[in-house]
Amino acid sequence: MINKQVASVAEAVADVFDGATVMVGGFGEAGSPIELLHALIDQGATDLTVVNNNTGSGEVGLAALIKAGRVAKMICSYPRTTNSTVFPELYRSGRIELELVPQGTLAERIRAGGAGIPAFYTQTAVGTPLEEGHERRTFDGCDYLLAHGLTADFAIIKGRTADQHGNVVYNKTARNFAPLMAMAATTTIVQASAVVSLGKLDPEVIVTPGIFVDRVIAVVDPEHESALVAAGVSYR
Amino acid sequence: MINKQVASVAEAVADVFDGATVMVGGFGEAGSPIELLHALIDQGATDLTVVNNNTGSGEVGLAALIKAGRVAKMICSYPRTTNSTVFPELYRSGRIELELVPQGTLAERIRAGGAGIPAFYTQTAVGTPLEEGHERRTFDGCDYLLAHGLTADFAIIKGRTADQHGNVVYNKTARNFAPLMAMAATTTIVQASAVVSLGKLDPEVIVTPGIFVDRVIAVVDPEHESALVAAGVSYR
Amino acid sequence: MTDQPQQIGLTRDAMAQRVALDIRDGAYVNLGIGIPELVAKYVPEGREVIYHTENGLLGMGPSPEPGHGDPELINAGKRQVTANPGAAFFHHADSFAMIRGGHLDLCVLGALQVAANGDLANWSTGGPDAIPAVGGAMDLVAGVKTIYVITQHCTKKGDPKLVGACGYPLTGLGVVDRVYTDLAVIDITDRGFQLVELSPGVSFDYVQERTGAPLIAVGGAPVIGSTEP
Amino acid sequence: MTDQPQQIGLTRDAMAQRVALDIRDGAYVNLGIGIPELVAKYVPEGREVIYHTENGLLGMGPSPEPGHGDPELINAGKRQVTANPGAAFFHHADSFAMIRGGHLDLCVLGALQVAANGDLANWSTGGPDAIPAVGGAMDLVAGVKTIYVITQHCTKKGDPKLVGACGYPLTGLGVVDRVYTDLAVIDITDRGFQLVELSPGVSFDYVQERTGAPLIAVGGAPVIGSTEP
């Protein structure tokens, strides 16, 4: 019978391999799967390509993973935020690669990857420096750029409540990229504040159906990035 | 202040014009906005292009609109179903045009239209008769067809509950195409069994945010197509 | 397995039962309209299979008790169904994202013709008076990882449905993995049709005579029902 | 309107208040980070405006009372906000479908430079040591029906921000509809910058001297605050 719940965050990320592409849920700290990220640091996988809107803040969560030298390349829309110092330092010294993608194109590329769409056209970035490398094409008198679907080996995301089939609901603006990343990754790993028994989630309100989820781990009282940063915590 | 509720189904569809493209929610009878369709028949607009997965059944709802001679063209994936006789007769006698689109491509074309994506690539229909007229292109060694976003002047759809801002939730598999059509139409008209006051719908469970909706009409106890057909009802 | 000594070949239910044996625990499965719908009844004890219907439901259950259905809870064949615990509703774009994105493990479909290279024709006879209707068939065969076909081996007229090349309009190119008929289980391989199992009382030659392309025999194909896969 | 006789030109709050006058009842609006965020405070009584934040909320309300925030209820600037009655949460693809699909009526953004043809530069100074970061700015200017820019008329060094052609990397081509500065309200027209209103105590020539392209005067531009739009 289907039970996607695993026993620990360590078990949840055990098979992330060197060189993997990992999508990490979250916009700023909202939806950032801190505990899974710290488990990934402990696990040791390196040379990762990470997809996230930002690059983390302070020296916890995603920023800690970057600081630990595990990330070869970031694909994101906004790599500098308040309290974000780790990425800028590595980037300026040429020790991390950056693929900058407009936020909406990034979101749609991830959805396309998950939906089996290899490419689509978007008006975003036409005539800007970020047009570089993209085919331009005219439809109905307007110019658009070709953007490619984006997939990943793993997605690590944070939900509010999940069940054993991997159905997930989210908390407020912590939803952001997570439902898209769950679709786009070969293996999707969800940390949720509660894992409830089957049938407790109303089928009408499920945001991520379990078909997109491979593993669920309960992290009952997850850390908040801003609180850790304010407390001066540095992971590793 | 924002109040999208209108007083009658007649008022809701009053401005549908001859030659308009109208997306009609529903898959079979699930989600078919019978009362809005009947109001549209009464209203008289003709030469319509209608987008729906099917072509209605019996002589009520969408089938009645077609029978009344108001539909010049159907865009759909499956124009023949049990109890569907109106469309086949008109089609065989060359009095209605058909654009046949695979169901998933139809859904994605509508979403693309609503999301500002003029075109995307899909593997569906490669090498089949429905490839005709579509550009073929190879990505990573696989062949795909170009499909264009689809928009409409009006969408008429059926929800379970709505509020004055036009937020909508649906009933079970009656959801189907409705949230996509709401995005893709210039004017989206929703009939809902209940229109509740602002704040009664949990922001976490809203399926169609009000930004996609222009008019809401309460149809408290909507008819079911199958019951009407079984009762031998013929509208007009 | 249902025993039908009066006829040669499996009944529809026996064919469905044979397909069900090949569905693994935990699989996400879409069943086409018609004979494929019967498969759900025969999934062996101890296996949990999650059924997807492309009109927006994952976790589809059986038909409702009489009087307990909802005309807005239906399957792709427009028949009333139920939702199992753990089910989820979603819109059509999300539903076909599951299909097109390769998230479903298996789809079981009917067929008009299957070619030795895996081409499938199951949506139109191409007749001049036919109303063309494709539904989600082309999306399913293009997107789902594994495609099983369940079909009578021959048409009512006795013509082979397993052919060298499809004469009817195609649903997809090279998409079929395995065919379950009343006479045999046959894999689509790089070399063409390859016999996997024979129905009870059916010989290789009997099947080959009714197949429109060469049938490859590898070792002794077991009789359906004689082994426990 | 805030009265600041000691300085020439409007304060940031007065600029925001001027923009707010042009937002119609029932509008769906996205406010950029910085000065644009101030606009929400000044929407006139009797108008209901629905704020979109691209990280997944429609119906964004003001900052929470101290101690009542949720670190997972934030705006695009990553600051804690609230959700008004009638709000809805959604994922990033749906959020940018609203933007790219032209469903938002208005976006108010800051700027580094605005060109007379409506080109906008607001995401990068292009410096060799700058960390490039674009966020949702390119999506917003490409997708939202009307783009207002709110900005100081000149840089801190005194260089014009309204220019003949942008020197900084572009965010979008020909996207800006109107610019609100501390000195004036200026429309982007087919003929270039066209004066709409002047700030109190500011002359046409004063603005033209600080503008890097010709400024078109049509009739007597009224003083900001002297009329009730």
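Residue numbering begins at 1 within each chain, and the chains themselves are lettered A, B, C and D in the order written.
Note that in this section a contact is a pair of C-beta atoms (placed from the backbone, for glycine too) under 8 Å apart; a residue touches a chain by one contact, two chains touch by 3 or more.
Bear in mind that the values here come from a model prediction, so they are computed numbers and not experimental data.
**Student:** Could you tell me which pair, B-D or B-C, is linked by more C-beta pairs in contact?
**Tutor:** Most contacts of the two pairs: B-C.
**Student:** How many angstrom lie between the CA centroids of subunit B and subunit C, rounded to a whole number?
**Tutor:** 30
**Student:** List the centre-to-centre spacing of subunit A and subunit C in whole Å, with centres computed as mean CA coordinates.
**Tutor:** 37
**Student:** Determine the centre-to-centre distance between subunit C and subunit D, using the mean Cα coordinates as centres, and give it in whole Å.
**Tutor:** Spacing between the chain centres: roughly 57 Å.
**Student:** So which stretches of subunit B touch two or more other chains?
**Tutor:** In subunit B, residues 108, 111, 115-117, 122-123, 170, 172, 203-204 touch at least two other chains, as defined above.
**Student:** Can you pull out the residues of subunit C that are in contact with at least two other chains?
**Tutor:** If we look for residues of subunit C contacting two or more partner chains, we find 57, 83, 89-90, 93, 96, 99-100, 143.
**Student:** Examine which chains touch each other and state the graph shape they make (line, ring, star, complete, other).
**Tutor:** Topology of the interface graph: other, matching no listed pattern.
**Student:** By the document's touch rule, what are all the touching chain pairs in this structure?
**Tutor:** A-B, A-C, A-D, B-C, B-D
**Student:** Give the list of subunit B residues in touch with subunit D in this complex.
**Tutor:** Subunit B residues touching subunit D: 1-2, 111, 113-117, 163-165, 167, 183, 198-199, 201, 203-204, 206, 209-212.
**Student:** Looking at the complex, which residues from subunit D come into contact with subunit A?
**Tutor:** 53-57, 70-74, 78, 83, 89-93, 95-96, 99-100, 124, 129, 131-139, 142-143, 169-173
**Student:** Sort out for me which residues of subunit C touch subunit A in the complex.
**Tutor:** Touch residues, subunit C against subunit A: 25-26, 28, 46, 48, 50, 52, 57-59, 83, 85-90, 93-94, 96-104, 143.
**Student:** With touch defined as at the start, can you tell me which subunit A residues reach subunit D in the complex?
**Tutor:** On the subunit A side, the touching residues are 27-31, 77-82, 87-88, 91-92, 98, 100, 102-105, 107-108, 110-111, 122-130, 170-180, 207, 224-227.
**Student:** For the complex, which residues does subunit A have touching subunit B?
**Tutor:** Per the stated touch rule, the residues are 108, 112, 115-123, 139-140, 142, 144, 148, 169-170, 172, 202-205.
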